[in-house]
């Protein structure tokens, strides 16, 4: 598998050097693995910090900026960050009125954030945490580590970020963040697995007409294997999985997300079918994102994330945002 | 058992993890995200370096340094968990005054404390298809084999104790193959997780195999 | 090759349906293959129209909106549009003071735009044309169809669009557009060829360690085959090819563009090397874009486009733009 | 030669292009962008449909309708070029009054006008590795074979004229294999374009093969 890298070991550091060169409005520490706003923390504003394994670009570093995150810390490829990063990032985000940790629900992320939160608390920083767990491919039961955090992370970071920018206190920012997560569900489908730089081979093998349903964003195999079919049917499979878990109606914020190796033209084709099927359900696409937002290295495929909007959430979604990957109103 | 022996142990873990890096990553690819071998390689490599930079004065301090290093360097699920195991073991020895020599029985109790830390943090029980399925039986074997006060003295029996721990860990790891995972990334697969050995359990078996070699190997001084 | 499509024949139409559903601020005619601003032409403003074969998304339709294009017309995959589309699009862009046609230099595009321009002229619309030909992989000689138009198209459409939005007359908008093209060069490298929906097979085969230097954006084979190497060396190959044709110095606008199947993390790695090498040359990255802007379906690889900025061009680059794919300052 | 024969011709082109769709696309994949077969299939399919919807009253009108349809429906380089070829041929016949019957000699002169249109628009000369390398010799062959006034009458010789044109086109197409392209997409490859037959020249050979069959085939009425 050919990749545009210098070495498997330096992938994250090299990519952060590039992010730094491309975005003067970010402060990037490639070695320490911290990305924060160049302007530093905003005094009196609740700080937002997120992080996790790399390989999901633009998540999270691409969402650092006005109206969204204050800081992000990327871990190794697919490996959740380490506590020290979170502590440093939290300091870089701390405007004096508390910091919200946005944590995707994976054992590794949860444990490391937990250890980090303790250390932050010891330093006297007020910490709240929101666990993002929107992936309906995983049953939410004591027999699993719980649903995974995937696409909804973008919604949580955008909307909670807007609340924080608007001056809401920590408790309220955390409440909004949890509400967004509670109203969001995702489902992903892979046409081809991704290849990690270190292993150099696909994390799983799919036949010429096989696809993986309910795939994770770390190259984890999904819920089941199935036969390839056309975009309309695949859109239906994904949307129905979401709808089964959380009936869709009214105004919906929809993201059709590319997993890294999927061209935009195909994502638009999927989105067309999603939008049509939604309106067939009496729901409507009130807001949408189509593109690569939560990727899995070079995986081919897509995920669909739906969030049931309220007027407040829609207003916060529309609020100005200025980050490398999301930008409007400013 | 002194810091020299424990240093040989950690160095041995680093070597066997490096040697088994691909295998561990393969196992993780099947039911996880294909990084376990890389994670531990990074972690124990850093631990060996840390030990070289500031050689600890007691087994307790050594285990705490190793634990802290793993927590700071590994990430993922295994970092905090393995890190906690070593750190809690070290803290237990610390609570006993950090003597420069510990008996196998004392080490057994320390590892028990480490196991407790792992289950407290990860809340995994035996049978959940995790490192606990190798760690718990290994600790039990070491405890019972070092239970009798006499045992602690006879070198032959000492070896047997660590042989028992190593084979218990190995058996425990192999026993994870038919299990359906209830914790960690593998649990996402539900029934599909059966038929694969748990990478963390496999690495845990390596940890106790390395302990046995460290005990057997007289060391270079 | 698995693709998220309904049928090879409906790819473009289906994708335009999706674009329409995702962007209410665009008027999209999936059948007629016309994308224009929902608000219609701006009276008294010079209109900007571009178009060409599909498969290069977000180009061109993704650049329709305030500060950039007024209308775009996508052809079939890799097949330049037909004259009727241009005529309709020109009408949709005509604010009464003339329309600029932005044409990538390919025989098909040139001929069809030529026939279209005649028809527009017959209808009394004042037409100016800018030919974009920035790809240094092709020698600009009578023995070729001339350099191809690739990445510089984004720069031309953004900067000329800003000039038009600023009220410049047709002659001036055309002059700025030509100046941007004259100051821009590109070079592309493919790690894997793309697969067209119709043929279903890669347009050329590369070995496990082979790459294609100077590849075109239509799956055309490039200048030569070479051995795969690391990101730093590949960045050097691309940048040096550009620099050989147009020495780089001073403030440079740089785009590291993904060809469709390349994850963002790899593009950032390449960009890091490009930026470093540039500053080694005494030039500096004054503005930049890193991402998928001019793609070639699912091709793996990247292209580098450099434009020698003047103060005026930098100002026009910074001017507000609000399109699906480029958005800032508004 | 009447509209029935020319309709058989266009229908024949559509059929042979459909049958050779993959081959033409293959050729274009080697030195272009793998769409020539698809482009012409779309174009001539549309032309056949157009002829069915409003059957033209004269060969001239028919050729103009086909040319316009190709220009409106094909896109790419071949659309405007083939479109111009047919349209200019039709316009030539129009300038002569659009009689319902044309002689092979008149058709030859019409196709010469078409060829001129192609070279005017695309400014390709013979040897540039384009459709012109098949079209030009075909037109010349038809012209010389229909030059003598007598020829136009004898049916046998008429066939020979179109056989000559068809084989000239085929030979011209094959002659493009060693050529280095100087026009169109293939020119980007420089020397690398040698060793491949030009797709447009190949399709042009099909066009003249279809003309020959149309002449030979008495038609269903």
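Remarks
When the chains are written out, they are named A, B, C and D in that same order, and each has its own residue count from 1.
Here, a contact is a pair of C-beta atoms (placed from the backbone, for glycine too) under 8 Å apart; a residue touches a chain by one contact, two chains touch by 3 or more.
The structure displayed is predicted, hence computed values, not measured ones.
Counted as hops between touching chains, the shortest connection from chain B to chain D is 3. In terms of the distance between Cα centroids, chain D is separated most widely from B. Centroids built from CA atoms put chain C at 29 Å from chain A.
Distance between chain C and chain D, defined via averaged C-alpha coordinates, is recorded as 33 Å. If you average the Cα atoms of chain A and of chain D, the two centres end up 56 Å apart. Residues of chain D in contact with two or more other chains: none. Multi-chain contact residues of chain A (touching two or more other chains): none found. Chain contacts in this assembly form an open path, with each chain touching only its neighbours along a single line. Here the touching chains pair up as A-B, A-C, C-D.
On the chain D side of its complex with chain C, the touching residues are 25, 29, 31-35, 38-39, 42, 71-81, 121-122, 180, 182-185, 187-190, 192. Here chain C touches chain D in the complex through residues 53, 75-84, 106-108, 111-112, 114-115, 137-139, 142-145, 148, 196, 198-199, 203-204, 216, 218-221, 223-224, going by the rule given at the top.
Per the touch definition, chain C reaches chain A in the complex via residues 2-7, 11, 14-22, 54-55, 57-58, 62, 191-192, 208-209, 211, 228, 230-232, 234, 260-273, 275-276, 285, 288, 290, 292, 295, 297-298, 300, 302, 322, 327-330.
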